[in-house]
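Per-chain numbering from 1; labels A, B and C assigned in written order.
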Amino acid sequence: MALLADEALRRVDTAVGNRLMEQRVNFGQVDITVSPENLVEVVTALRDLQFLSCRFFTFLTGIDRSELTDEPGGLEVLIHLYSVEHVFHVNVRVAVDPENPVCPSIVSIFRGAEWQERECHEMFGVEFEGNSNLSNLFLPEDFEGHPLLRSFKLPSRFVKAWPGAKDPEEASAGGR
Amino acid sequence: MATTEDRVVDASEVAAEVSRGRLLTEEMVLNVGPQHPATHGVFRLLATLDGEVLVKADPVIGYMHRGYEKLVEARDYRQITNLVSRMDWLSGINNELPLALALETLMEIEVPPRAQYMRVAMCEMNRILNHLMFFASFGSELGAITPTFYAFREREDIQMAMEMTTGGRMHFGFFRPGGLKEDAPKGFYQQALKGVRQVIDRLPDYENLLIGNEIFKQRTVNVGILPKDVAYSYGVSGPIARGSDISFDVRKDEPYSGYDLFDFDVHSAPNGDCFDRFWVLLHEVVESAKIVEQAIEGMPDGPIMGKVPRVVQAPKGEVYVRTENPLGELGMYLVSDGDRRPYRLKIRTPSYSNVSALPYVLKNTYVSDMIAILGSFFFVLGDIDR
Amino acid sequence: MPEIILTTWQILLVKVAVILVVVPMGALVGGYAEHKVMAHLQHRLGPMYPGGFHGWATTLADGIKFLFKEDIIPAAADRKVFSLAPAAIMVPIIMVYLVIPMDRTLVVEDLDVGIFYLLAISSLSTIGILMAGWSSANKYALIGALRSAAQLIAYELPIVLSAAAVAMLAGTLSLNGIVEAQNFPFVLWPPGIGLALFLVFTTGAVAEMTRVPFDMPVAESEIITGPFTEYTGMRYIFSHMFAEMGHMVAFGGIATTLFLGGYRPIIPWEPLELIPGVVWFAAKTMLMIFLFLWIRPTFPRVREDQLQKFAWKFLIPVSLALILFTGAWVLYV
């Protein structure tokens, strides 16, 4: 049955609390932050411990927090896991240095991470240690740059600024 | 064709014989796709063949990558609704639902019950459309060309119901944060019920046409087995996972949009082969039809839009919302900076995770089995490549 | 009416000319029948426009369209073999028609070794398919050609064995003789054995024509068109469409002759003899063709190894057993 988020947070804290940098409940889901050194341990514990059992690998992605207005941050790798038995979600964040983005790979724990890490690598430039196959997944081989970083601007927005400043009533049909 | 003094019974035995040096053969790399009748779209599979046995399979994707996650950073939420419905084009309106739900969570808008019922009815009708489409394509990949025509006939009535409400047959742009764009027109209830009841009546015949067929069973039973823990590890969800003895469904585990008010079953099958995945698919159609009937017959009156400010601007925050897309778990992780556009929108698509399990399942199968497995994995290219 | 006396050679020329007209006609009609029968089984109409009335000129229009298509030979293909392959497939099929009797005297040549000639010649088209697949320089074509070689060899045997049983029942290898020996068609008498022989023969025939459910070599959704993937225009029509339709009509005719009584009426009842033999033959052949057409939209494809298993482990032992029973029947009944 579904665990209440506070109960889930308590369990996670019991298991790996000493390795976490931050932990909270966000919109009904457990949200924890770890440092790259502890990542593999924490994820293994989340998967293997019986009362947690987060065996479902939902996704792995990156977030570039450099242009947030409130608290700009750096680059972050976000891993989302789900526990099928106990029905709760865990968001695992790993803060990665934007100058030298390196993060350990969790391919050995979750097989699905192989493709997701490839995508994160080509989109954000994060090097995953332990993933031997970091070739481009979506982009052509000769693509330069990492598209999902905020510093990579869409060329069409250079030509014409985002027209969304208009009110809904003023927006006429057509126009880019 | 590999023959030795012994009788060769299955593909892994052939591979074993070759490795012992009994047959001098050479491996051939066959490019399945990007243009191929059996792959649903521009999907390429680098298959290393040894005779008729697939020794290694390497999917190559990205031929349809449109850069959704970057595009949405420059569009406001009204535009994104239309953009997102072009991901899994067979599921139609199910793609727009997580976005609407995410915005409603962040902005703390309450959706009126009538809008919730309508949303459920439309999403389930689209689920029927999607599953019937895969019923057609799976049959034709195995050589049974007739189910295609029967399935498309059933889809017509339901698509007419969707068209009279939203104006579109495939891409709708109908859900808004807070409710719907418009109310249902006159005649929608009859049309929807008619379409859905026809499906319930005729589905047992179609089932028999394929599931009862001896040749079909020979082609799909024990072919392409996906074990349960491997499915968890790859993040496989939807009818494919439910065919591997996993019995989860977002509509039951974490109900959204009023799904807890409806009475339906979640089917799962024990073996994890192509037959089971297909069986789950067919039975889900009947469940969806039941839900649509319940939704339309119990539809409350009232407004179709909650209290939404004139300009849709999500407050600062992050949320992950997931729904049960016909193909699996579709989730959206929305990072909002208080603007009219998202700061970062990660779209977690079901087909992407499902297809990543293909190299595991395709090891040591025959070429014809590869086609059956590709067909049974129910993926849509727009969903994988975004 | 002055008597037209022709020499033997002239008569032969006329007969061959008739065959060369009848076979393409048969293929055209067979193609149209396939479109329409499949369409109605799938709850749709099929071609309705070419020629006006329910699209009777569909296959004709298709043929003319293909004449206009560009003739492409892949650069890496073996040109001589590639060009010869369609002929190697088509010619044996046309030669089969030389011995099929459509009425007592309406046969090009009533060979004493009719069945033997028929089965030997029809198996020659296997080489043509192999030539087509190998010379195409295309991996899919290669897979298709190898599959088809294995399949055609495997399914020759049930056809040959059941035809041999029929020859035992009739006491002669000549096709006219076999038809004359059928007072009741062999499918009805000997009871049970005749039906089993007929079913074995039909299954083998469907596999020989590489039609669904045995169309692995030409599996459309897997290897596009198998050995004929690289063929365009008229070459494609001759090697694939024409051959398949011609094969279907030929096997329909052979099955009629061997099992359904050929040009004789179903039962030896006087009034039925008034209907000319050609009409009986045509009706029975069309029934067989309808059977072949009916099977196609109904079943999925059998996988290659299951196909081989079915032939070697089931059909061939069954047909050998049936030969035993037939022999017993002939000796003791």
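Convention: contacts are C-beta pairs under 8 Å (C-beta built on N, C-alpha and C of every residue); 3 or more make two chains touch, one makes a residue touch a chain.
Computed from a predicted model, the values in this text were never measured in an experiment.
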Average the C-alpha coordinates of each chain, average all protein C-alpha coordinates together, and give the chain whose average is closest to the overall one.
-> B
If you take the mean of the Cα atoms for each chain, which one ends up farthest from subunit A?
-> C
Round to the nearest whole Å and give the separation of the Cα centres of subunit B and subunit C.
-> 43
Measure off the straight-line distance from the CA centroid of subunit A to the CA centroid of subunit B, and report it in whole Å.
-> 24
For subunit A paired with subunit C, centre-to-centre distance based on mean C-alpha positions, whole Å = 63
Residues of subunit A touching subunit B in their complex?
-> 2, 26-27, 29, 55-59, 61, 63-64, 67-70, 78, 80, 84, 87, 89, 91, 110-112, 114-116, 123, 136-140, 147-148, 152, 154, 157, 162, 164, 167-168
Provide the residue numbers of subunit B that touch subunit A in the complex, in ascending order.
-> 61-62, 65, 67, 69-71, 74-76, 78-79, 105, 229-230, 232-235, 237, 246, 248, 253-254, 310-311, 316-320, 322, 329, 331, 333, 335, 337-338, 340-341, 343-344, 346, 348, 352-353, 356-357, 360, 385
Residue set of subunit C touching subunit B in the complex reads 38, 41-44, 139-140, 143, 146-147, 150, 212-213, 215-216, 219-224, 296-306, 308
So, in the complex, the side of subunit B touching subunit C is made of residues 1, 8, 28, 30, 36-38, 52, 139-146, 148-150, 153, 210, 213, 215-216, 218-219, 366-369, 371
